[in-house]
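Got some structures for you, see below.
What follows is chain A paired twice: with chain B in the first complex and chain C in the second.
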Partner chain A sequence: MMILNDIRFQWRHRFYFVYLLVCSLYLLLLHFIPSEYKETVAVLLTFSDPSALGLIFAGGILLLEKDQGIQDCLFVTPLRLREYLLAKAISLSLLSILAAWMIHGFSLGMPLSPIRFTVGVMLTSSLFTLLSIGIVVRTQTVNGFILLSQLFSFPFALPLLHLFDIGSRALFVFFPTYGSLLLIGTINRPVSSMETIYAVGIMMIGNTIAFLWAKHSFQQRVLLGITKGKST
Partner chain B sequence: MPTMNQAVSNPVIDPVIEVDRLQFSYPGTGSRILHGISFTIARGDIFGFLGPSGAGKSTTQKVLIGVLKGYDGRVKVLGEEIRDTRSGYYERIGVAFEFPNFYSKLSVLENLKLFRSLYTGETEEPIKLLEQVGLADAAHLKVSELSKGMKMRLNFCRALLHRPAVLFLDEPTSGLDPVNAKIMKDLILERKAAGTTIVITTHNMHAAEELCDRVAFIVDGQIKLIDSPRELKLRQGESKVRVEFMEGEIRKSEDFPIDDLAQNERFLQVIGRHKIETIHSLEASLEQIFIDVTGRTLT
Partner chain C sequence: MIRYRTLVLNDLRQIRMDPLLMASLLGPLAVIAVTRFGFIPLSDWIERQYGFALAPYSGFAATFLLLTIPLLPGTMTGLLMLDERDENIMSYYSVTPLTRRGYSVYRLFLPTLLSVLLSAAFVLFSGITESRSENIYALTLLALEAPCIALFLAAFASNKVEGLALSKISGLLFAGPVVAAFIPEPWQYAGMWIPTFWPAKCYLLGVNQEPLAALGVFGVGLIFHLLLLTGLSRAFLKRID
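Now for the complex of A and B:
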């Protein structure tokens, strides 16, 4: 139920409208890219799209909720923290999937492996959403959040180097985002079952660690923060 | 004058909340906020925590609502030790914070429906609750379009959505004009009449006087006194009536002992011969009692 509530919140705050604009810009960009680079750029865009969406939107949503003073009201209901976090991750993953399919549907057509592609987008989006939640609870301002989010997310972008043949594969296999690139790369390149298992596995591990980190951070900094309010 | 221990020793019939030697320090701060407070609250009572900012009343309430669980001592609400409670506890209690915060882009009704969806037990129809608090016409307005008084009533509705047995209200009349404050007080008394146990945290003495069956004065993390406002006022006040009257063109005032007032010749003479402007019994105000007992003001 909280997932639907989050989708409604995102809809009312025009997140979907903003993302329609972003998708249009992506489509425009892809239109002008020469065909020999188009597929690489598409992988790059598809990777950065759910990453940025999760990273920026989740932080934005939490800052909006904080601004509206909603969180203390939510946590004196039976809502559990894990339900709250998963609802954010799932609702934004759905938006990411919608956006990714829109971009590809209108530019490159059907990916080679639609299921792997969808799973890749979904797990990338949820990873960055959870990462974003862990980050945003450490800041008080939008500027602080933007700065910290760049700092925290930078290591996750390193596997992109491999997309441009920089560095060996062994350097990146422990990054969950390497798994993202493998699955999202199924736009134009088939991956084996073993690669798929590895990619889903490493992303699941990444998501689990990000979830535990976000949960702990939220517990310590928001729920205890509520309790440390000015009035005693 | 009753002390904390005397108040605690008075047995409460059918207690819903039992607190025994509650101590609390915020993690990492080292300084203790609550110093072993004890009290009980009976089913269907309105109980008020009164104290200045920083006294520990909000911390006490946060322990009671299960937000702070790292306490020492014993705290039982509806038979459950608070540190052992899980999310199901919130099916049984309702909480209205001082600031009526809602999803500002959603309508009044959408907000209530959203919060209602978080409960698994039986819930009220939001529109019926809105009718009860006079907000039915505002059901489709965005929350950001409501006045403070309307938001406070909506805040109250949200706390009632799941028919809680115990209601915790933080400064329920804060920032309200007299008309809206009266509406809120009437709503609270209606819930009491329906059998709900209500715990109020406030520094508004007048609201406490009008609403509470018993009040606890909290200062520096300790309860200095627990009693009913009426008892306190009578016991701490002077047993006198003050008469203000006109003697010719001059306004005068005289105090008379309440005992044997009907036989007091001077009193009879004053009320018989002069134009009376006011007659008041001189019971103490709750605010004055608070100052006398704690040596502190409420601001």
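Now for the complex of A and C:
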């Protein structure tokens, strides 16, 4: 139910419309890229935008909910914090998956491994959404949030260096986003079962840590604040 | 000027509290520094690694990077205006001697000034641009981009979430230099509805030593930008009514 509410909220605030335009722009861009670089650019675009859209949007949604006083009354209902966070992650992942498929479907066709590709986009999106929630509770303004989100997310972008053959693989294997790039890269490159297990495993670990961090941060900085506000 | 004093003092305090206002100054400076010291080494590396020479595209690279300069303060100002609207601060200003119009002028002045100064600094110090008198056309049009971006966000977004969503559409602006540099004439004029097409075209015509054509394109581009700015100002003032 919470997931449906979040999807409705995103629809009402034109997220889907905006991504239709953004995807069209990417399709236009990919059209002009020489065919030998097209697949690398497509991986780069999918990783940095549709997959990571939650990084900006989740924070924006929470800031608006705070301004509108929604959070004050939301948690006096039977809704649990766990459900609230997962609904945000799942609903934004759905938008990420649709956008990623639109870009690939119309520019490169069917990925070599559609399931791995979809799982890669979904887990990357949920990771960045949870990261965004942990960040936004530490800020007061939308501009402050954007700056902090860029600082926090920078280390997660480092595995992109390997996409351009910079640095050895061993440097990046502990980054969950290295797993993202492996799975998103299945648009043009087959990935073995062992690599898939590694990628899903490292991303699940990353998601679990991000979830626990977001939950703890939200409890400490939002829920505790609401409770204190009530008791005074 | 006295009526702006409170806003100026408030903003100076805000710069300390909200580091992103500082980032809209430091971000473009970083772009200039990275271009100055990184473009040639990067160009050499790409040529060695992929056999692709970047040097012939330095005109396109210059217009593309120049565009990021008004984009940053423009987007930041738009989001700040939305923040102030969400928190009803804008309604407060509208009943002071400053008035709504005075508030808009004040808010849009800073990103315009930053765009002028930092775009000029890019042309002078980035090391990938040619110093030509036609550059003044591109810089004038780029300075008008920042208030247009801010007003676009503030006029068409209902709140900061929609502002963040619409700021994604600002990515469309990067299509302007691409169209001006890579699509052959006359087909490229299909992209003239993209505001950034005009400064990019002016700059590239200057580089190609076509001063008259650059002046003509600047004239049309200036009218286009002024009409856009007027339309967006009206839409914004109507929105906060």
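Criterion: the second predicted complex is superposed on the first by the 225 of 232 C-alpha atoms of A that agree within 3 Å, B and C clash if a C-alpha of one lies under 4 Å from a C-alpha of the other, contacts with A are read in each partner's own complex, and residues count from 1 in each chain.
Just so we're on the same page, a residue touches a chain if its C-beta (ideal position, glycine included) is under 8 Å from a C-beta of that chain, and two chains touch if they have at least 3 such contacts.
None of the values given here were measured: they were computed from a predicted structure.
Once the complexes are laid over each other on chain A, chain B and chain C both fit without any clash. In the superposition on chain A, A:224 contacts chain B only, with no contact to chain C. Shared-chain residue A:73: touches chain B; no touch with chain C.
In the superposition on chain A, A:2 makes contact with chain B only, not with chain C.
Once the two complexes are overlaid on the shared chain, A:110 sits clear of chain B and of chain C alike. Applying the stated contact rule after C-alpha superposition, one finds that A:212 touches neither chain B nor chain C.
In the superposition on chain A, A:13 contacts both chain B and chain C.
When the two structures are aligned on their common chain, the gap between the nearest CA atoms of chain B and chain C comes to 9 Å.
Contacts of chain A with chain B, set against its contacts with chain C after fitting on chain A, overlap at residues 13. Of all residues in chain C, only 17-21, 23, 49, 76, 79-80, 82-83, 86-87, 158-166, 168-169, 171-172, 175, 178, 182 touch chain A in the complex they form. Within the complex formed with chain A, the chain B residues making contact are 26-27, 33, 53-59, 62, 65, 67-68, 87-88, 90-91, 95, 97-99, 101-106, 110, 114-115, 117-120, 158.
Residues of chain A touching chain C in their complex: 13-15, 18-19, 21-22, 25, 28-29, 32, 56-57, 60-61, 63-64, 67, 141-144, 146-147, 164-165.
Within the complex formed with chain B, the residues of chain A that make contact are 1-2, 4-5, 8-9, 12-13, 68-70, 72-80, 223-224, 226-232.
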